[in-house]
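Working notes, beginning with the structure itself.
A, B, C and D label the chains in the order they appear, each numbered from 1.
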């Protein structure tokens, strides 16, 4: 059996790529290059780094869930182990470095791959629930072991290192956030391109085939188990790269990097973005990181909003946020996107009013229940200040929410009609 | 372009990364859990900081020429990763002082990151005022110039605790049990080491670790404690592990003293209620309940007036705030943290609220040396009780300058 | 020996409690093919509702009312949430229940805060039932055992003696026959989901005072419940019972006996390193059974799944 | 002489106590078009699944080109040159028609578990895929999702995937099930076209199709082959008529 250990950058690029395929990548590269010029604060850079790491991890996760149909509850293991090993490599080299920092993710990838190979040996024999439950069990085992095996994992304090200990890379020692950002961004591009190209190789296509119909694939000469195993290894490899990037950015690895909460949140990120699309996890990672780091600065109950958003996504847009965007491709192609502008504009105000007023009601309730006595005054949306214990703001909030919900229900048929109009023609017989 | 940049920045970090710190306030970043399972402790700590800053500094005219303290809260969700992100956000806002206390894991991550940051960015250095993370390593092997600890660390507390146990002739057998992680192990090894030295006749009938946060039913452990015939038990447990273990042990017939670090407040006092009376002991710094000084009583009343559900459970918070204010005044600057750190180093401080014994910030390792008490869980009148339960903590023993003779392995590197 | 008997009883309490959750989960899974990730969250809701009710009326009203509220909530969630997601397939269903678990935890924190709430056993049961060699056994735990057994008997009666029960039982063994239930399939689904969650709620009402009522209670138990039904075999009630008891005892005994790796290694002929804290194997040498107790079920599950993917008593694979 | 394409020796399969296949012996020579017929529940699909490796035989052997393959995995058997279709349409619903067929070609064209070449850039692969699409008349549907095809088209696609790998033994499980007469005619033509010079084993209910296609026919009743012969003789066989009319049903059932 062969394993994806070649540098993903060079995979298949020998062939000339048509411009329309390369264009999104060029745009992405330019955008990644320009972003720190606009967002130059340390916090913005850190958040963008965090986003990039989550993107790599989510893309790796989607190689399993979206492309291979394998639902894992323990994928943090491979990212975490990749990170832990990278950190040990970093510390091991710190006295006498002979490699520059930017090659560290290769080690992370290699160790992620190694563990995916070992664990995949028994976990990929079955798909479905059995796979999911083994991943849960292994995830829990590794997370618990990380507390017990102190000498390697450092207990709950984790292990840390200093990224500037490696050899300088063209004069950069990666002490500054901006330098780390460019390192992360380049690896993001490499990893994302690698995973994209991988999905277009025979193995990538077969992962889809096994996901859709494992029995059929068997009768075409392919062992479903091997296809899953190889996908699993590839996913472990890229997750390991994400782990090494984490090690470089945060210079610390802890049990948190291995536990079920991390595994669960990457599922959330990927599904939120949309598992059926290559860029789904990217959108999911961006949205989720912003929610986690920015929304939590403004409200204590941010996790409640994330929970509501997630459940609403599963219920109403099972193809994720990307799926929602993708719905508009057809009207766009038909040149009928204009049909939607008016109903959207009509819906915009009630939608906004509904979201803001519902959130306001929740905030008022929360403030009234949990804020200190005498601390009745609360401010929402930066300028609205009132007494959270008086019934009036609550009633106003509820009324606005009710009215806007009613308006939305009333406007819904109009939108539907516009949709039918906008998607009509072109899609014959469907 | 400039305005676009500002706008975009504002969008990205939504208004927080914006304008540099206004000159008239000294901002202090409070990086602790405000959501998730430990949010109760974090939120209560935040309230104590805000109240201390308002009452003890701002209402008295602030520091320097009237600069006010402002506590800026950052939710780290008790995750090291999130803490480091929030640290960057805080530094961007021009904040030069970071306080954190919940979880030694987070403290380790922060002290490491701050040391690296100060090394790499000499223009905007940061001080780390650790008010609660008690891993001894933080002021020993892992000490650095930027870190100051205001709580007695685990070994110092154990030193005080074993002093008291050594005097109790009734105790012949002791059971040591704790959570399976560095703090639990530190408590266990310190207990064994110090008991052997101080009372070689005491038999350690049990010394074990249980998985942290993962035990649903402590009954089997309680059975072992009871059947070992122990006269007393020592545990460093906190949170639901403390509650679960304590309740199970008492319910299954254990009647000896249970020496703890964290068996109070945040719902634990209320949940123990009457069951804990006579059994639960706790080692901590701070004041008696009710405090002896009228101004301290007034302070607690005023706090409870504002936060009826809160507790003054970490009285060291007032020390942090007051000592920082003193150090800034001494240094004559709030922006040059090296000078402020130099002023803090070796500072002698006499608390106006809880205690009359002066405390000193030991220069060798930046560890505050102070009086430590053994408290008992007893009925306490409102508002000096915890969790409004009618129960609280009262002095049983006091140890002046606890742990001052414990050596430190710290090799401080000064800038 | 007496401690052994006490441990058997303690393990029985844990095991039966697990079974109260597993039985509902197994019913739901067998009928609907949904692995309900939020099952333990309904357990938590049961405890919190009962706590809230007990503040007004005392413990006993909560025992009756709280499970009913939880069951109704479960049925409504099935009707307006799960049924909608059902059309997208099993993975979105699983993910939906996963999100639901997160949401319920946030919901509980929103209303009751993050601290443990003082939900206690009723006064009437606050005494020692009996003692074995100094080890007391609280009356409340006796009550827990009886409640769990009573629930099991009621369930057994419904499944084997009533019409709807037999239909359900048929569906347990032959999932495809669910289609033949007639026009009432949606009603049956809603009912089974409601009853299953009500049973979880009842378990929460009973366990809350002993295990503690706090927002993390669902998370710690939820994964173990999963382990039980997977080990027992998806869709097998007897398997769930056996696995629950096995895991209950496994956890109790692992916590009770301080077997040390050190002894095992010496017995195997290894030499104990003199300077333990410099040995690379220090963590292995100092390992004890209670330390690894909580992860034993997961290890057990992985081994069972690798050797026998359909579980101990399972007939079908999914 | 060369070994038979497929040879079954004393093949038995039981599920629990139920004996589904009993002592089946059969030889199918290279290039033969062989049909298996029998009443519902006779075990035709089970026999199919035994040959193709979905089930392992309880006792007995399956030989492919003289090599024992009993107990081998389906993918191993497929690699030895046997390909099958399914009674219930078994295609990759969420992939395009083109990709469906291409998946069938990958192994035989030596791509194996390749993850370093771009599959779209492989001219020979694309050419042969398009060739097969042309053969099964689905060129117009090339870029549609397979799940969106009409039923008859899905059946054609099923055959396309089956033959794509170039296997020399093709096994079709009720290729005409659920089709109208005109559709059936098209499919039969298609089958004849794509299985030229190959060994074909087909299970089918439609007798018209069978007698039209097959060189020899085996009649399977209650797990036993009661007759193997040319279409004309099978048609005339009394035993077969009895089996189909059910006169001896009671005896057989025991």
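Rule of thumb we're sticking to: a residue touches a chain if its C-beta (ideal position, glycine included) is under 8 Å from a C-beta of that chain, and two chains touch if they have at least 3 such contacts.
Only a predicted model underlies this, so the values are computations on that prediction, with no experimental measurement involved.
Undergrad: Chains touching subunit B and subunit C alike, please list them.
TA: A
Undergrad: Average the CA atoms of each chain to get its centre, and name the chain whose centre is farthest from that of subunit D.
TA: So the chain farthest away from subunit D turns out to be B.
Undergrad: Round to the nearest whole Å and give the separation of the Cα centres of subunit A and subunit C.
TA: Once rounded, the distance between the two centres reads 31 Å.
Undergrad: Please compute the C-alpha centroid of subunit C, do the same for subunit D, then give the distance between them in whole Å.
TA: 47
Undergrad: Can you work out the whole-Å distance between the CA centroids of subunit B and subunit D?
TA: The computed centroid separation for subunit B versus subunit D comes out at 74 Å.
Undergrad: Can you work out the whole-Å distance between the CA centroids of subunit A and subunit D?
TA: Between these chains, centre-to-centre, one finds 44 Å.
Undergrad: Can you pull out the residues of subunit C that are in contact with at least two other chains?
TA: Answer for subunit C, listing residues that touch two or more other chains: 109, 113, 291-292, 294-295.
Undergrad: Using the touch rule from the top of the page, what residues of subunit D touch 2 or more other chains?
TA: none
Undergrad: Going by the touch rule set out above, which residues of subunit B reach two or more other chains?
TA: Only 36, 39, 180, 211, 214 qualify.
Undergrad: Per the touch rule above, enumerate the chain pairs that touch, sorted by label.
TA: Applying the touch criterion to every chain pair yields A-B, A-C, A-D, B-C.
Undergrad: Please output the residues of subunit D touching subunit A within their complex, sorted ascending.
TA: 52, 54, 73-75, 78-79, 83-84, 86, 90-95, 99, 102-104, 106-108, 111-121, 148, 161, 165
Undergrad: Within their complex, state which residues of subunit B touch subunit C.
TA: Touching subunit C from subunit B are residues 36-40, 180, 208-211, 213-217, 219-221, 223-224, 226-227, 240, 243-244, 251-253, 266-268, 270-271, 273.
Undergrad: Once bound in the complex, which stretches of subunit A touch subunit D?
TA: Counting only subunit A, the residues touching subunit D are 1-2, 4, 6, 11-12, 15, 197-198, 200-206, 208-209, 211-213, 215-224, 226-227, 230, 234, 430.
Undergrad: Can you list the subunit A residues touching subunit B in their complex?
TA: 38-47, 50, 144, 147-148, 150, 155-158, 160, 162, 164, 175-177, 246, 250-252, 254, 256-257, 292-294, 296-298, 300-303, 370, 372-375, 382
Undergrad: Please output the residues of subunit C touching subunit A within their complex, sorted ascending.
TA: Contacts found on subunit C: 35, 81, 84-85, 88, 91-92, 94-96, 98-100, 102-103, 105-107, 109-111, 113, 223, 226-227, 230, 234, 280, 282-283, 287, 291-292, 294-295, 298-299, 301-302, 305-306, 309, 317-318.
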